[in-house]
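Some structures to go through are shown next.
In the two complexes below, subunit A is the common chain; its partner is subunit B in one and subunit C in the other.
The block that comes next holds the complex of A and B.
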């Protein structure tokens, strides 16, 4: 249901761009207004989200420990999986963000001959890693449309990406890998029963949206070509704040831009903002040093305490009179001594009496 | 804010990366390149036309060149019949570059603008041009 809804939503969005540009001719709206709104939304939205998270207190040191904690000197600490220092935390975060280390520990469970069996499941990690990295490279590659001349590192990345020199324009491997990886992630959601059970429209929509973005991009590069010089004229106009709509850019370009704009607008309000959130995960970014340093709950407010010593000060006389032992005897020292010895005899007497 | 310093540093890095396209481009004149068609060979042509119509060549020239490469190198076909029925000798250096002898003013202008580096010249000799 969520999958069909999301697919329909993405198709509808594509149709909106098609009708808007091809039939109504709202080129400035889809080529200028929408991209500006989208870029503004993602930047302001992400900053707002991060600041909101920054304002949330972390009441407890809840760093997850995935290895041996720092302990006695002759016990090897697992420094990256259970860091106790800032540099350890940086190492752990880097592995998490760049290599998805926690996803590497993904398990699968299945019933085998009536018994529940667990095993390591690496496909999710592999597809997720391939998807995120290729998406980043594709994004960086797009910088050739936003600088004149195209930056040197973008050209270097492109020649690496297209080093197989398949066809002309030459095939960029990352575009193909991106589409395959994101398709696998969608397939996994649909094919694995347990994952499908917990999948919502909010899980399917970004997948379909990114599949549509990759598809329109690949179509535009290899199959339904658009005039790339006019496209760059448009993009350079946008970033120079003197927008122009050159003639003769195919509708596929506007569909692609509209879908990317949708992704940008959707980003800060959805699970996609994990890109910023991963940096603020207390289970990952805190050092596991709770036995060395006291983690002060920022919620703590001054509490009026009544420790035992004060309790005794308040009731010492009454306690002594009732024969209850006190830590600090009052000035009438002999009474305290008596009560203590008296107590002992009482203790000894009770079992006897009961017998 | 808790850990405000680190979070604000992160936000600043994010903004710096997000604003990357804007560095040095604001207010710059948006000049699009026009490929130069003024060569001695083109001047000699009575009817100034390419192998295929201009719109097709603009979008598909790289596919056509790739097709020509396959036809000539792999299928031993050296004659291309264009959509208007005219036949052309399949050769980058002797057909394309005979008219478009100004690689710098014709090919490179747009390719440099769009950040495209075609691998034609990995094998082919680029025409010698007076600097």
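The block that comes next holds the complex of A and C.
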């Protein structure tokens, strides 16, 4: 249901761009207004999301320790999976963000004749890593549309990406890998029963959207070619805040741009914000040093206690009879000894923690 | 549990999924899968709201008129107080990596026990009421109305999560279902929706100092039994003190160790060790609980119970604290205590009086784990050990959830065990250390009415034990957790008969050669040591 709905939504979006540009001729709207709105939305939206997260404090040091702690000097600490220092945390976060460390742990379990068996489950990790990295490279490659001349590192990246030297224009490997990886992620979502069961429309929509973006991009580069000089004229106009709409850019370009804009607009309001959120995840970005350094909870407040004095009042005679030392012997505290039913009587409000 | 299924039946787990989406399948309360409702007197003792008599299977849960408002307001408050909560509501991509990492899902096949779906139970409400897309698009954006059915579903599944954090190890964003469950339970508690197995111990601990409700004189007399047993086994009379001012060290253990087998054997081990090295230490009857069932209730309740430890350390004027073998206790001591009730600047950084080792890793809390303490003693050759006295045991080690994933104390206990036992075998790699499986009874779920849940939840752990039983003849499951010592014996009896359960310091006690001891013919369980019969001719 969610999958069909999302597919339909993406097709509809493509159709909107097609109709808008090809039939109604709203080139400026789809080529200028929409991209500006989209870029503004993703920037403001992501900043807003990060600020919202940032406004909520981290009251406790809840690092998830995924290896040996730092304790005795002769015990080998797992410095990256259970870091106790800032540099360790940076290392852990780098592994997490650049290499998807936690996903790399993934395994699959299977019940066979009453026995659970675990085996390696790295496909998700591989596809996710391939998808994210190629997406990033493709994004960087697009910088050639926004700088004149194209920056040297972008050109270098392009020649690396096209090293196979297949076809003209040369095949960019990343585009192909991106499409394959994202298709696998979609396939997995549909084929793995548990994953299909948990999936919402919001999980299929970005997949279909990215598949459509990659497809239109690839079509445009290799098959339904558009006038690249005009495209660059348009993109340079956008970046220089003097937008123009050159003649003769094929409609597929506008569809591509509209889908990318949709992704940008959708990004801050959806699960796609995980890209920013992962940096703030307190189980990963805190050092496991909570016995070495006191972690401060900004909203720590005094709570109602049952102090020792009341406990002794409740049990004084029993303690004395058992030979357990007391603060105030019952001979000297007749009043206290009488209040036998100490339960729920006088729990004093004693602030602790905040001096 | 009249119709208890056989292990063969129970291990045929049905992983098939319903055709209808999870939002459209209302919760079904299955016998044996949930704990009894909290009693009003337990809630009243700690001034918790909506204390009343209620029963889980009642249609009407007797909630306050404005329960929905209370829940939404509580969610809002916690979104503002916990970055974890807000972030974990926002960034899940439902990749499903966590799905089959949960022992409750592996053991029940119930899709709502997949961590991701357990989180979606509350996340769907978050989306509906706290995000623009959910407010506008509702169901389409994955949002759903907060109804009584939804609330009941929360209750059922948040008390089917043992807060073990295994999912958070595998999550690419570190989303921790334990955190979500804890906040979910905290919200439920605002409506008086606790379980008695938690609420009772919390009330006991608040008034009497420990979960079991042992009063000071009872603690003392329990210890006298243990002291007699130690004397019978070793010929040495240990002499622990209680509430003694001026001792160097306060020792805090889970109260389960003072009461029932096999915890008491571990407790005897603590006493023998401290006696042997001549440690100047005291127990406290006021701070007689290392564990903290308040932690399974609300942040505030956990802090209220935890406060006793520093308060008592200050009153008695000790220099530092050692904590016994307990799982969630150590998550609390390691990650929460100092934040709640510190700074403990009236204490000193722990220094072992025997080895001189300064425990810099506890420089702020001033509290160390007994496994750290004992490992250091052994490393410095301060203990006279005869591991052959554990030769009748083939041992494996169960990492507790909290000590492994909320602290990382993995190699200290292994070092100790390998020094006191000659036969040690690890369980498969996917089931130990940070990937360890819960006993199935953590976070206050070790009641008896939910035994089927516990047996199912413990199935992956038991499975791994069975593996080493078959391959290496393992007959002893060692651990450093009081809930393990209570929960694993029935689990082993059911799934892996022939495997016993022991705390680490029971094994230490077996091997510890004490000054002036008689020749040992019995282990800590007063069972004859096989090779000692007529073995004088060595």
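Here is the rule we use: the second predicted complex is superposed on the first by the 297 of 355 C-alpha atoms of A that agree within 3 Å, B and C clash if a C-alpha of one lies under 4 Å from a C-alpha of the other, contacts with A are read in each partner's own complex, and residues count from 1 in each chain.
Criterion: a contact is a pair of C-beta atoms (placed from the backbone, for glycine too) under 8 Å apart; a residue touches a chain by one contact, two chains touch by 3 or more.
In this text, all values refer to a predicted model and were calculated from it rather than measured experimentally.
Using the contact criterion defined above for the overlaid structures, shared-chain residue A:168 touches subunit B, although it does not reach subunit C. In the superposition on chain A, contact of A:58 is made with both subunit B and subunit C.
Touch criterion not met for A:176: it reaches neither subunit B nor subunit C. Of the two partner chains, subunit B and subunit C are each touched by A:280. Looking at the shared chain after the overlay, A:237 reaches subunit B, while subunit C stays out of its contact range. Of the two partner chains, neither subunit B nor subunit C is touched by A:93.
In the superposed model, A:150 lies in contact with subunit B only, and not with subunit C.
In the superposition on chain A, A:70 makes contact with subunit C only, while subunit B stays out of contact range. Of the two partner chains placed around the shared chain by superposition, subunit C is the only one that A:201 touches, whereas subunit B remains out of contact. Considering which of subunit B and subunit C touches more of subunit A, the answer is C.
According to the touch criterion, the shared surface of subunit A, contacted by subunit B in one complex and subunit C in the other, consists of residues 53-58, 280. Those residues of subunit B whose C-beta lies close enough to touch subunit A in the complex are 1-4, 7, 10-11, 14-15, 18, 20-28, 30, 32-33, 58-60, 62-63, 65-66, 110, 112-119, 122.
Within the complex formed with subunit C, the residues of subunit A that make contact are 1, 5, 49, 52-72, 74-76, 78, 81-82, 84, 96, 100, 102-103, 105-109, 111, 114-116, 118, 124, 128, 192-195, 197-203, 269-271, 273-274, 277-278, 280-284, 288, 290-297, 299-300, 303-308, 311-312, 314-315, 318-319, 321-325, 342-344, 352-353. The residues of subunit C lying in touch with subunit A in their complex are 7-8, 11-13, 15, 17, 21-22, 44-45, 47, 79-87, 90-97, 99-100, 106, 111, 114, 116-117, 120, 131-133, 140-142, 165, 168-176, 179, 206-209, 215-217, 220-221, 242-245, 285-286, 299-300, 303-304, 307-308, 310-312, 315, 333-336, 338-343, 357, 359-365, 367, 372, 375-376, 379, 404-412, 415, 428, 430-431, 433-435, 459-460, 463, 466.
Considering their complex, residues 42-43, 46-47, 50-51, 53-58, 143-150, 154-155, 158-159, 165, 167-170, 225-230, 232-233, 236-237, 239-242, 244, 246, 276, 279-280, 298 of subunit A touch subunit B.
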